[in-house]
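First chain A sits with chain B, and in the next complex the same chain sits with chain C.
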Partner chain A sequence: MGGIVSPGFRGRRGVEGGEVRLPPGQYLTEDFPVLTAGPTLRVPTDTWEFVIVTETGEKHRWDWQQLMALPSERPTVDLHCVTKWSKLHTSWQGVSLDVLLEGVDTAADYAMVHSYGGYTTNLPYEDLLHGQAWIAYKFDGEDLTPEHGGPARLLVPHLYLWKSAKWVRGITLTDEDTPGFWESAGYHDYGDPWREQRYQGD
Partner chain B sequence: MARAAVPGGLSPRLVWRAARLVEFRDETPSARTLVFDVPDWPGHLPGQHVDVRLTAEDGYSTERSYSIATPADGTRVALTVQLVQDGEVSPYLTQTLSVGDVIELRGPVGGWFVWRPADTAPVLLIGGGSGVVPLMAMIRARRAAGSKALFRLIYSARTPEDRYYADELRTRARDDFGLDVSYVYTRKTPEGWPLPPRRLGVADVNNGGWPPDFQPACFVCGPTGFVEAVADILIALGHDARRVKTERFGPSGT
Partner chain C sequence: MELFSDDFTDGNALAGPLREIFAVDMTTATGRCAGCGDEGPVAGMKVYAHAPGLVARCPSCQQVLMRLVRGPSSAWLDLRGTMSLRIPMPAE
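Presenting the complex of A and B:
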């Protein structure tokens, strides 16, 4: 069905949107809204760990100090949430997954991201590589707050934000694609904002 | 985490559907309930929401999400929309859209923040401002399904005039056996209210809610700060985080 016109509806393009190009169906916000399915988790850094498990069961483990000792990057990225808001030019600091996966021997096609608290989300392994994904621990120069997924969250800004798992604790690499938390509840398996892949079948 | 399947099986594709406004009523001076007729509506669970799409004459379109205020009822879908003064979509929906007008919506969306009438566990609903909308869908669904699950609603509003569904909640608190409703006012209280206006606190959740031992299903909906505070209180009181489901409003939160 193609766009039933609402007479008298003008919208706000050009007011805050300006010349900015947004993915279809998105609008700009200056806030940083919070979206989580449950209470905010508070994960202490002294017991924090991040574990990558390959399809053969090989484990690679980092504690907080080891993560801090790795070379970090400061990406500035646009965020697109499936609930329609987009926030542009957000600045982060974190460790690229390219760094973390450098010594990991895998031929996996898919990744399942796990969070403290039990949240999961799935994505193709390729989407973690080539400067597309980080384990982020600073936002706007400050330590990432628990509301926004601190102490560390996955940041994969080329996909809808639910893929950027808060309170990340590990990634399991697999041969088969398995749906994560929202993906099991009808949200899209891949979630490309530019193709408006919000829900299954989009 | 539980796999939250959507009832009746998830349709392969959430298509945009024409929705015709058949009636409306004002809940407060700035919130309006819009009742749409949506042919071929697949049904929904209380707590789910829809995406609404408005398109301008030059083809520009934008989308927003709104919670459904009523349980599944054939082709009827009711939304309660809060007017956001500088909003892009809510002024049109609450002030311009007239009976007979057609817009587009698709859904239902969201299989997590839902109450299923077959669930027998006690339920604690805590809503802030317009966050009461999906909780009201659950209260209405409970009665419609003849459920005997014990429900408690704690509703935080700025003033008595800002309450949605005030008359209906008064009637239901009297007639829907097993439903308790309590209020917290943050700016102005009714005449003779025993407490000054204040934010919802531990005592309110303790008094108006269920003990953690009852293992209630908790649903918290409202602006981000409200939901953060209430969810923290529930955890501090000993509720299992896995039983606390939250829905936070984003940028248009009040």
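Presenting the complex of A and C:
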């Protein structure tokens, strides 16, 4: 990257064919850098809600207690941030989107993820399915802190981390692809770290 | 919702990055927020720099005024949250 945005995070470079395999251009970090496009909000769980809206306008709503009552999973995943740090073997707990979308009748091709505070990010609907995405509320066995997106964030670790929206509030399913917060300002529409899809045109 | 933390710097952080693009110092330009209509210097914007790009917000209403992303061979400047920029110019 050029002079404007310094990654600012340094770590051991992954060795191709060695013990650590990292996507191209990524560096390992052991800590958990906090990136945010605005102030960090504390969203109380007593008013928290998560809403899926289909392309026909049908709404599916969960409050915090309902989310907690759903079966959860404990994925261990690698995180790859577009600012070039990667953090490996992170432990989460959350509800798979497969569970949340089970009773949702949709033929949508795309999803727009919305957060408390106004952040958005888009991805293909398929990328929410088949054990690839969770609404995560615990990290390393502890409640997810506000700085890392608590009480709950989207976790889609096969894409760059800007897609794993913090403070997630809902998902709108659509027929058309619409770019989100970073996708409309130069970042790649899909963001596959293994194909190094950082910017539009990559 | 209440504020948990607010890790921003002022709009002077935009000086260098914008000088890469514009011929004049943009931090003394006056921006008008498309959200609340407040006017103020670019240097007075709230800038969130620990992000994939620079995000400048209105100090009055938090609306995103500017997004600046620098790729290796392009810069993207999104100004949809800014209604106008008044830029001081040398007298003709």
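FYI, the second predicted complex is superposed on the first by the 184 of 202 C-alpha atoms of A that agree within 3 Å, B and C clash if a C-alpha of one lies under 4 Å from a C-alpha of the other, contacts with A are read in each partner's own complex, and residues count from 1 in each chain.
The rule is short, and it goes like this: a contact is a pair of C-beta atoms (placed from the backbone, for glycine too) under 8 Å apart; a residue touches a chain by one contact, two chains touch by 3 or more.
Note that this is a predicted model, so its numbers are computed, not measured.
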Message: One more residue to check, A:Arg21. First (chain B), second (chain C), both or neither?
response: neither
Message: Just to be sure I read the superposition right, which of the two partners does A:Glu147 touch: chain B = first, chain C = second, or both, or neither?
response: both
Message: Just checking: does A:Ser184 make contact with chain B only, chain C only, both, or neither of them? Give me first, second, both or neither.
response: both
Query: Now for A:His89: first (chain B), second (chain C), both, or neither, which partner does it touch?
result: neither
Message: Let me test your reading of the model: by the given contact rule, A:Tyr116 touches which partner, first (chain B), second (chain C), both or neither?
response: second
Message: Between chain B and chain C, whom does A:Tyr199 touch in the aligned arrangement: first, second, both, or neither?
response: both
- prompt: So, A:Ala37: does it touch chain B (first), chain C (second), both, or neither?
  reply: both
Message: Output the chain A positions appearing in both contact lists, the one against chain B and the one against chain C.
response: 1, 3-5, 8, 33-41, 81, 83, 117-118, 147, 181-182, 184-186, 198-201
Message: Under the definition above, what is the set of chain A residues touching chain B in their complex?
response: 1, 3-13, 25, 27, 29-31, 33-41, 81, 83-85, 117-120, 147, 181-182, 184-186, 198-202
Residue ranges of chain A touching chain C (in the complex, touch as defined): 1-5, 8, 33-44, 81-83, 116-118, 146-147, 162, 181-182, 184-187, 198-201
- request: Would you pull the chain B residues touching chain A in the complex into a rising list?
  value: 1, 3-6, 10-18, 51, 53-57, 59-65, 88, 92, 96-97, 101-104, 109-113, 224, 227-228, 231-232, 234-235, 241-242, 244-246, 248-251, 253
- prompt: Residues of chain C touching chain A in their complex?
  reply: 1-8, 16-17, 20, 48-55, 57, 62, 64, 67-72, 74-76, 78
